[in-house]
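Note that chain A is present in both complexes that follow, paired respectively with chain B and with chain C.
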Partner chain A sequence: MITAPTAVTTAEVTEIDASARPPLLLLIGSALAWLVLSGALALVNLVQLHTPSFLADCSVLTFGRTQAMQDSAFIYGWAANAGLAVALWILARLGGSPLRSLNWAMAGAAFWNIALTVGLIGIATGDGTSHAWLHLPRYVLPAMLFAYAAIAVPGVLAWTGRDREMTYASQWYAVAALFLFPWLFSIAQTMLVFVPERGVLQALVAGWYVQGAWTLWLAPLALTAAYYLVPKVGGRVIPNYDFAALSFWTLLFVGAWTGGRHLIGGPIPAWVATIGGVSCALLLFHYIVVAVNLRDAFVTGGSIVLKFVRLGVAAYVFGGFLDAVTAIRGVALVTQFTFFSAAQSQLAISGGFSLTIFGAIYFLVPRITGQPWPSAGLIRVHYFCALLGTAGLVAGLAVAGWIQGHELNDPAVTFAVIGARTKPWLLLATAAQAVLLLGNVLLLAHLMRAVASKLLAPVVVVIFRQPPPMGAPAS
Partner chain B sequence: MSARDPVDPRLEQAGASDDSLLTAHEKLLGRKPEDGAHYRLLPLALLFVFSGLIFYAGTYLNHFSGHYNAAIFDENAHPASTAAAVPKGDPMVIGKKNFELVCATCHQTTGLGVAGVYPPLAGSEWATGSEERVIRIVLYGLKGPIKVKGTDFNAAAMPAVGRVAGSGYNWSDDRIAAVLTYIRASFGNKASAITPEQVAAIHTKEGDRKEWSQDELLKIP
Partner chain C sequence: MKNGFLFFLGLFFSLAIAWAGIVLGSHVQLSHLAPYFDENEGKAFPERLPGIAVRGQLVYQDLGCAACHTQQVRRPDFGSDKARGWGDRQSVARDYISQPAVQLGESRFGPDLANFGARPHAVDAARLTQYLYEQHNGMPSYRFLFETRRIAGERAANALNAPAPAGSEVVPTPRVVALVAYLQSLNNVYEYPEARPVVPPAAEKKEGEHPAAPAAAKKEGVHK
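Let's look at the complex of A and B:
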């Protein structure tokens, strides 16, 4: 039963949201399913780190394969689906018209997830490749490229068909992510899988892809959400917004050059690693501007969406500083090729990316379903699970990596001693991963409950206030 | 719960409409960077930070670039010491290459020379004999008649090859040592190798001078 004036309805929940419901729910639902699967595999993987005999007799779940499946499910399952859903929705909102060609997105999402399922089965049965973040077997890679392009079609149309000439920061980052991933993914699969480069060049391309997929794809997707949600929920304009464009272009131009940081101390010409480290230092400008622009997330209290975004932005900026510090030769001597690198990677993807996107999901799902989340308690529990889990995982791996790095450099210490000394910290990381998994299972269950109650009571109840006009910056 | 917490987490209300969000930020980009005489400190600070980062990056790059050399894998190798880090080649290989580049024009790749015009090196008492004499010949050249293996060559005109005044070649002492080592161990010759230090010592002692003659050389042991 509709009880409130329709003018209010059209102000906050419009045709834009209602029409996008099926593809966005498909993307977000499958994203969360992959996130839970990835979390379960990560748990097995972490247990194997300190108890190598765990499931060692089951070839499908040996360390190498759980690692590969966990990464692939996280990047291509959770991050791709959820990131694209958020980017499409924000592009439609800021473009001012409903998404067009949604059948492309539906078909693309279906094919993407089918290909990924086949790919994970392929990894489990031994067809995976040996490249980090590109473990999926060769026979699903081209299909995934085309599926991605299909999902991105409505986003590109929302960008080209926008109402205004002028564009906003979220749109820059979203469009950059939509276009840069196919570039990275096609080059990487050609040069690593189909026509593999040999020797030094292979390591270079692999490092470039891993870093590019983060700085030029996942990070822009997270920033799309953060740049939209902070002023949208906080109601104040972005402070020092005129620097946002410079920060964006710094990320785009310098971002791809930071790949060399993965190879510091590796068997590659010295200048490649040095360029990587130097680019990490230059990228600090981007992180500083992001922190300055999004500082309202840290002063606006109360909103659970902004609490998630706040943690995400903090993890993103802190991760950027950590990358720059560990890219300095003397520090890399200890941290490189240890659990510390794994901690940095988790800080970026589980912290910077996931936490921001959780905030976006909590904001957008009530708008596309037209009804509130069923439970406030579940949201709060998920928030604390995500906070404690991510912090514990990153801290555990970082301390373990620091110990490991120091002791590996000391020829008097044996491997068995290093294993014993890192074990308590790896146990902490394992416990944290379990908490993280619990939180994500709750979010998946919560979403299923929301969708189920929507199907049972499909009446749109008008629940959104007319938002006030945008205020001045806080400072 | 909702009485203490004004924001219902089940349903986040927006703080601004999309339209006002876009309009507000559109205005910001069109604005002049300064409002009258009121300076804004933060943009200036960001500019300094960016400049500082670029300066740091440039210095670091210059320090650890390894000369952008694909063969240098150790970024600790300081550019100044890279010349020493490159391993030295085999003097026989370097000598052969340089011999065929320049010397073989007259003395032939066989080292036999041309009868009556260019003296042979194979079995020559000059090439395999006194190190002091042969180094001087290659460094500064030789002019006038010379007797090799019992045959007189009346108008020899061997040019200066070393890094000396009037030389058309300007070879380093290392290169001359390598060529001499090659000549003295090839074409059936079995004389001792010449080190770059020997060449350098004679080069320093003689300084700049004109070509040698047979008589002058015979006075040197």
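Let's look at the complex of A and C:
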């Protein structure tokens, strides 16, 4: 039975939570709005796969542009906003003092979302680039870089101004994500858009960026939440915590090297693809440690927060193993250039990232608003929609990709036949995406209801403030 | 991890080393690639794209054609690329050096286009334009790239064979014309020294730099 975190004791809500309410709600609210938009675009995109005439006459929603907009809305809209909100809040909680310089985060969040809106309009009208995860037109990229830096300011201050020397795994991952993304993003902008590299080096830089954005930015943001929530909600110490640091540095140092695996057999130096495969195998150490560290998430029962995190961690670890398997040449021969890659990508971002962050949002929002979620039933429906939707989407795309890969390798099979044979599985993926979208719409509506009830309710003064821990230096 | 400075250095080096390894490493290896001058042909390969094809590549990019089409041929023993007629040899880095926006692509829901203009049964511009107008073989139609206008005087030479109201005709916009020119310019069949899987033992040494400089390397029978 699911127990929803409907009741948050007043004692648990501190000044840290209440003070950060406006920027965090802005980030989370816009994140969910982007998630819904991205889901709707993904639905259009999947329908177009098996019914090419769907909206074909609309230049704004032609297949390639829809896909670019869907990716951009997901990565820079949903994942960036939500991930940053969670990271800032956890840094503040673990740092032990309220977030400072929140005006920076407010302004940054506003500019980030304005720039992204302009960027999506740019893609729709034909200004997009063709680099995966970097489709946004050139004129919004510098603004987004500065906006990101502004949002990150309170997080950096919470890290440098923390009230204890000792740090937690959550903090490492959060700080890594805050610092590394601007570097990655600025390098990718420069080498792909403003002073583009020549020839296939563009594809190499793009591959490196996509992998870096996952392993050095989005995955650390998800792990920030997972490493905070599992011991916090589960009430137990992280087992084998000594390995967490080693696992962290493995992800950081090895992660970005795995990008070359997508280019196996391509017109690039062969060592890039080989190193990509080897790095994927090395990275298994990280995934194993994450699974061991967070195994308390898999204890049956538990709150809805843990249920979401459990699914997220499972998808993250499983995705890591799948990456290693598909980096083997014999397997890549089938999966390369097919929907299987799309399935892996969905497993990582819709599974590993989104599900963990949903858990964090369910934990966080009652604490910053000081009120429980209005409806336990809505949370339960969202949970099942997210579970079924993600599983169906990944399974549908994976099977379609596997069939597609085998048939592409048989030169006698025409593209029309491949289209017909993959259609049932693409229909499954479409249905799953619709379920996923429904769940995310419910979450957005639920958040709006929670915020509205907060605004309409009489002002609740936080009367209890946690005393500073014993023996802590007075600050 | 108590030492903040060391932690920060670690973060810095994690990114810097991966960047230096993959990006800088391949940059050092590939950035010197120059067009290959073939004395027999009297010109250098890859040939520069004509202006209209460069504009066509921008159309290809902004419509996101790379979402379904790759432009990279894998070697004959890795996949069915050769058997499907997409190219006799593996694509190499030199094929792309003259392209402003490289479109390698990651998905093959449609066929590879690396050698679209060199295919044995290459479609002519008029047919290709018609395909883009109609839904063809799973590819959506791109009607928004065409305009229906009143016939002024004579029917336009490039008017499509498509239903239109009486007195009107469907004509391609300059964007389709550029896109078609780009697709037809895709032709990477020239055999560079590095594009040959096995160096023939009798290959003559030339210029020291290219051990297997192809005296008559232009593959025969490409335009079967």
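Note that in this section the second predicted complex is superposed on the first by the 446 of 475 C-alpha atoms of A that agree within 3 Å, B and C clash if a C-alpha of one lies under 4 Å from a C-alpha of the other, contacts with A are read in each partner's own complex, and residues count from 1 in each chain.
Assume contacts are C-beta pairs under 8 Å (C-beta built on N, C-alpha and C of every residue); 3 or more make two chains touch, one makes a residue touch a chain.
Quantities reported herein were computed from a predicted structural model and do not represent experimental measurements.
> Looking at the overlay, what does A:L120 touch: chain B (first), chain C (second), both, or neither?
neither
> In the superposed arrangement, does A:A416 touch chain B (first), chain C (second), both or neither?
In the superposition, A:A416 touches chain C alone.
> First (chain B), second (chain C), both or neither: which does A:V153 touch?
In the superposition, A:V153 contacts neither chain B nor chain C.
> Check whether A:I268 is in contact with chain B, with chain C, with both or with neither, and answer first, second, both or neither.
Touch status of A:I268: both partners.
> Going by the contact rule stated at the top, is it chain B or chain C that touches a larger number of residues on chain A?
C
> Touching A:L408 in the superposition: chain B (first), chain C (second), both, neither?
Once the two structures are laid over each other on A, A:L408 reaches chain C alone.
> Please indicate which partner A:L99 is in contact with in the superposed arrangement: first for chain B, second for chain C, both, or neither.
Neither partner.
> Considering only the touch criterion stated at the top, classify A:M166 as touching first (chain B), second (chain C), both, or neither.
Both: A:M166 reaches chain B and chain C.
> Is A:P231 in contact with chain B, with chain C, with both, or with neither (first, second, both, neither)?
Only chain B; A:P231 stays clear of chain C.
> Kindly list the residues of chain A that each of chain B and chain C touches, one partner per complex.
Touching chain B in the first complex and chain C in the second, residues 166, 245, 267-269, 275, 329 of chain A appear in both lists.
> In their complex, what parts of chain C are in touch with chain A?
Per the touch definition, chain C meets chain A at residues 1-2, 4, 7-8, 10-11, 13-15, 17-19, 21-23, 25-27, 29-31, 33, 60-68, 70, 72, 74-75, 78-80, 83-84, 90-97, 99-111, 135, 137-145.
> Tell me, which parts of chain B touch chain A in their complex?
Spelled out, the residues of chain B in touch with chain A are 1, 5-26, 28-29, 31, 33, 42-43, 46, 49-50, 53-54, 56-57, 60-61, 64-77.
> In the complex formed with chain B, which residues of chain A make contact?
Checking each residue of chain A against chain B gives 11-12, 93-94, 96, 164, 166, 168-169, 231-238, 240-243, 245, 267-271, 273-275, 277-279, 281-282, 284-285, 288-289, 292, 302-305, 329, 362-363, 366, 372-376, 379-380, 463-471.
> Which bits of chain A are touching chain C when the two form their complex?
48-49, 52-53, 56-59, 62-65, 67-68, 126-130, 132, 135, 160, 165-167, 172, 175-176, 179-180, 183-184, 187, 191, 196-205, 208, 212, 216, 245, 249, 252-253, 255-257, 259-260, 262-263, 265-269, 272, 275, 329, 333, 336-339, 341-342, 404, 408-411, 415-416, 419
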